[in-house]
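After this come two complexes, each holding chain A, first together with chain B and then together with chain C.
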Partner chain A sequence: MTDTALNTRDNLSLIQRIRRDYSPLVIVMVGIFLLVFVAGAVFTDDFLTWFNVKTIIRDAALVGIMAIGLTFVTLSGNFFLLSMKEIAALSIICFATLMSADWNQWGPVEGDPTTWSLTMTFLVAFVATMVIATVAGALQGALIGLGGNPIVVTLGAAGLFFGIGSWWSDNLVVSYRRPHGAEWLGTGSFIGDIPNITVAFIIIAVVAELTLRHTTFGRQVYLVGANRAAGRATGHENFGMAIKCCIIASVCAAFVAVAFSGQVSSAHVNYFSSEFGSSGDMTIMVIAIVMVGGNSIMGGYGSTLRTSLGAIFISSIDNMMVLNGFNSGARVLAVGLMIVFSIIVFALVRRGSRAVE
Partner chain B sequence: MERIKNWVTENPDLSFAILLAITVYTFFAITEPLFFTHRTGYAIMERFAVLGLVGLALTLCIIAGEIDLSIGSNAALAAVITVRFTDDWGAINALLVAVAISTSIGAIQGYFIAYLRIRAIVLTVGTLMLLRGVALFAAEEKTVMLTDFRIPDFISTKMLGYFSPASLLVIGMFIVVGLFMTFTRYGREIYAIGGARKEALASGISLQRPMIIVFAISGLCAGLGGAIIGLRSGTAQALGLQYLLLAGTVAAFIGGVSILGGKGGVIGAAIGTLTVNFLNTGLVFNVTPAFMVQLYLGILLLVVIMFQTGSRVFEERQRRSQLLDDVDRRRSILSDKIAALRRPSG
Partner chain C sequence: MADQPLLRLTDISRHYGAIQALRGANFEIGRGEVMGLVGENGAGKSTMVKIIGGFDTGFSGEYFYDGEVRHFHSPTAAEQVGIAIAQQELSLIPTMSVAENIFLAGDGVPQIASRKTLAKMAKPFLEEVGLGHIDPLRSTTRLSVGEQHLVEVARLIAHNPQVLILDEPTAALGETDSIRILDMVSRLKESGKSVIYVSHRMDEIFKICDRITVLRDGESQAPRAAADMDVNSLVEMMLGFELGDMYPARTPVPRDEPVLKVRELWPDGIIEPISFDVYPGEILGLAGQLGSGTSEILGAMAGSTKTRGGKLHYKGEAFLPTRPKDTIRRGIAYCSEDRKHDGLFLGRPIMENLSAPSLETISSNGFLSGAKELSSTTENAVKFTVDPKRLPQEAGVLSGGNQQKVALGKWLSISPDVILVNEPTRGVDVGARAEIYQILRDLADQGAAIVVASTDIQEITNLPDRIVSFYRGVQIGELQLDEMTSANILEQITDPFHEAGIAVSEKAS
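Let's look at the complex of A and B:
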């Protein structure tokens, strides 16, 4: 793919640039795709309403945050983590177990003489969950950074985390009572009628994008992903990079787990599996978003902005199909088709110009 | 004795796999009184029928330097098709149709991977979701069931002590694929594109043929495995069989494949699968819940990967230090010579 970032300053119009950079086949395919989408949007009742737009973004938020975390891993050239939903499962169990624990048995706390406040319990549970997610991410990152294949490592780690989560919770639902400290994150809203989780999604998307564009770390991610040999020659080993990126992905997954747990006031290891959700396996959904957003799966090309847009795109397609009365089978099929379609389009784009590794 | 020693030094991975298999078996045979019986042997072979196929498929993929993530979805699709259409078309026809569909899905995947020159994981993670959707569609989002239970009975009939029609079929499959990989040109091409892809392509091997063959076999194994599971249990779920990928990968890695490709073989796949089956069956005797089995498998895979990666890093470091030593030695020889040349004149 010709690097569009370098060509933004020449005096070609947008259409000319697109015609130069992409083959006609790709333009036609993407065009048909967008046309179908726009037609669907116009002809579906209640699709283009403020309420529905809010719903779409809220639906996109949970998977979207996870996908933003995973984008760092993908951009740094480490493919993807097959253990996203298992990290989330372990985190949600950890969070809910600590939320449901009876903290008062340890005696009164300093400054709060009568009882543990809700916020305090939430903070302890939240921090502990993040610590566990960081450890989980660092473990995988270290193995990947040492040269282990990301897919196989995270496949094994997925089994490990899922097993630990099931063992910890005894494969039961862990629930805790309302009111609790996570409600404001799961279901609350402090800006008008926009849910807090949507706000969190937007903030995380902006922060991630700024990190990638304007910090040294962000540039290092692109460097290591685009050209590992050049990265090594300039002192940017993949070892540290893999650990950092995996930690970011894991922490994002843990955050989603906390928010989801706050919504339902409970936890179970299967909450993120396809047996529970209607729209398929969480890990695959997250990978789908990263791919459909148009990030190069080989690393070095893409952005978290693309990922966020991908999340909203998939969510709106899903929403459109629900409004038109499609079952979950058709929706999973549609997402699958979108992934395969985007893989083929990007492979065709890449085939023409970039050297094949 | 000498011969065994030679064989072990020539096949370190395979001998490690055999040692591990024997260790696991002996451990459970000692701790569980019922483990060392004919019935358990039959149960292990029954598990082998399915897991062996997946282990074989993943072994071939990893030999070719790729990995097929869609194997669970492909198996689930085949299971749904077989179970759903057995009543209408008869078991044999439904099975053949399902396996044909799975095989052609595999072949198409292989073709696209070679044509687009992408890594298989990229495409197969997409088809993983796509095939789940197709399977949901085929099952109409319900759990499909058999009505005639003579078929499950036939598939599990005990033959020759330890075997059933299903496991005999799978053993036959292993033998055929093993002969194919060892004695035909196509088999050697698969090893070539896995171990040294650039060199293989430069020497005129097309990427397309071996890729299509590998993924077609992978699809065939997945389809056959799914169909056997479906017919044996009498039910099939579109979202089931996800555990196959982890178990199959563990089996392949115990069997001695390397993630870099080009290494391993069918015998290794068989031994790796048997080890996983011993572990599985032994843990069932211990009344271990299913999720704990997953935990152990995960740890096992991580340990194997750690060993492989560690030994690779170690070798690389050793080679580098050897290289540096070599340079140092030459430099010192050179400086000695220069000194010797200078001395008389100075």
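Let's look at the complex of A and C:
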């Protein structure tokens, strides 16, 4: 809203505005990067096909949803939750355990279960997982809100959640039979051949962006993130804010855990540590997306839209490299480079806009 | 004054993007001269200082030092030839001792020096800035802000600079520390050093400067001898037009029923609980120097700083705020002395700054109403003469004066009955200053009660209708309108118990 208002104020063309707002170095760097990207897109076989584009967005969906949740924490000035993958690990163990629990089988003992029974089993497991994630988020949020260092708090919490999940599952794979009530979320598609998880990603992205722009809560996120002391002085305490944002991030992580479990009909605490995505570590991947999206690491500046685009961007680069036969080490390197690059560009852009006084 | 200026800059231009900070400005300073550099916020003072000190290299124009053309590529290069800047923001390392801070750069100090050696070496520099009584081994955090500024200057003097630039050295200081700084400048001048003195405080400028250079909109006026000017003509040069009386006229305010009764309030940093009343329609001044406790009292009244106990009696209830939310809800607004710390969201648009305390009134069911926000913030912006077209801009790009207007203006949105303002015009140029005083007076005339704490003696003498004075955490007394002379106030806030044994009126003059 404010962005468009700003743009209509002056009658400069887009190019003139870019030249005014950004330093030549930033323009050149972004230019080179886009050039490489476009060249890669054009010269990589099978990159620009409908099937591949769908793949890219589907790959972006899981990490993207988590990153959108984490964006709230970052925007509110509470840095990052370094426990994202452990929250997901605890959630996936919780979900799979309940999906396979004897008492939670609502269908007949013999024969195919009905849709109703599958739904009931899923709902019980889903709600319980969300409750656990909410508690996990609230706990971390409260500690951060009371003044705990987010890095220390969430590193500690990470160990706690991973430990519980590992202990609960005896460090074994928890699996459950197909058909089960989470298949629709994991692998199903209601709208043509667009996977439901992609649809969920888009819906969550839109809802998150509208929340940030048009609700009182969203405004408070920005204000508290921009200046915590001024936020407090104007009646917006970080305590409640940290709790709310951490709950959002945790619930997003739990949702991703449920969706991923629905894909593989099983769970293990290490699913998000070793076997996920190109970099192998979900937390680092998610933080990378938030950073590459260009959100301020200090809070108060950015949006979930940026995060969503960051997720798709990283996913495209990753996809391009896979198609060109790079191994996972090279892909991790690429993600790392993108983070460094985005931080540098971001720092330069912000400095540029502050030079006026 | 030497015939050939020690430092001379001619036809200096500098632009940042579309903003022209300096346009063909000239500046010069002779040996052993104190040159005042004045101008409104945004006139280009900071840019000029940065260019002189080698911080800003992207300018066009000629730079002569000691008769030679120089072009410094870094502050270090400028420092080597003897140009040193004391910045507004402190750059001391708080965990180190005073002596260690003075010799931070390490030159002129033996490779291995004991703390005692350092202390002995630091002593003369401390004496030079009037801090001879301070133990050089003391930790820097235990000094007052004023003393820290002086230590910073001592560090610069240790490099034996020829030109010392002081950028608003007294902006954050109380009266005693300011006097120390002024004394130090005179001593430097006697020892043949040149000093460029940047300040908003007119009285200081006239007290110590030989000549004054005025910057306006990036253009310079030819330097004029301070003796040929007075405050009015200087302000006129700065603004480009004549400024009437800066302070709004005061008429006695009828006091019937206090709107706010402060009872036995005991903020941290105050020696004993304090009580006073605030009446609607008046501006009450809390007079006191830095460290007198007036900031803590306002903070405690707003719930933003810690309090040991006490009660506020307000609209039929007695309460003790523990967080700012408690007072905002009840219609008490508080504007702290440090707008960058907790007064503004610098990276957010001005509009969001103005609506921040009253999100409830511009939203329904948790959803913001863009139209309501626009209309209410536009109204406030107009009241504070901030161009409504600038509402979508970041608050950080505003000049100090406009920032202060936004920091203060945001509170109008909650329609406060009591407004607490600490240092209403710190770091604010003369034009905006007059506007802020007028706005405060208008608000009081509309029935709001305004409590102002200030360490600026001119301001505290001329703005409030009534004064409660404080000295080192003790409530001294109350002064009515007809007793409020600078001398009376100074006596109460600097030496109420006549400890020093000297007439304060002497100090005041």
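Simple rule for what comes next: the second predicted complex is superposed on the first by the 325 of 357 C-alpha atoms of A that agree within 3 Å, B and C clash if a C-alpha of one lies under 4 Å from a C-alpha of the other, contacts with A are read in each partner's own complex, and residues count from 1 in each chain.
Assume contacts are C-beta pairs under 8 Å (C-beta built on N, C-alpha and C of every residue); 3 or more make two chains touch, one makes a residue touch a chain.
A quick note: this is a predicted structure, and the numbers were derived from the prediction, not measured.
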Which of chain B and chain C A:Val286 touches, first, second, both or neither: neither
Chain B versus chain C as contact partner of A:Tyr301, first or second or both or neither: second
Chain B versus chain C as contact partner of A:Trp167, first or second or both or neither: first
Which of chain B and chain C A:Gly159 touches, first, second, both or neither: first
Partner chain(s) touched by A:Ala226 [first = chain B, second = chain C, both, neither]: second
Dominant contact partner of chain A by residue count, chain C or chain B: B
Intersection of the chain A residues that touch chain B with those that touch chain C: 356
In the complex, chain B residues that touch chain A: 67, 69, 112, 116-119, 121-123, 125-134, 136-137, 139-141, 238-239, 242, 245-246, 249-250, 253, 259, 289, 291-292, 294-302, 305-306, 308-310, 312-313
Residues of chain A that touch chain C when the two form their complex: 1-2, 5-6, 9, 20, 214-220, 222-223, 226-227, 229-237, 296, 300-301, 353-357
Residues of chain A touching chain B in the complex: 79-80, 82, 143, 146-149, 151-153, 155-164, 166-167, 171, 269, 274-275, 280-281, 284, 287-288, 291, 297-298, 327-337, 339-340, 343-344, 347-348, 351, 356
In the complex, chain C residues that touch chain A: 16-19, 42, 46, 302, 304, 323-325, 328-329, 334, 336, 341-349, 351-352, 356-357, 359-360, 363, 366-368, 370, 389, 391-394, 396-397, 399, 410
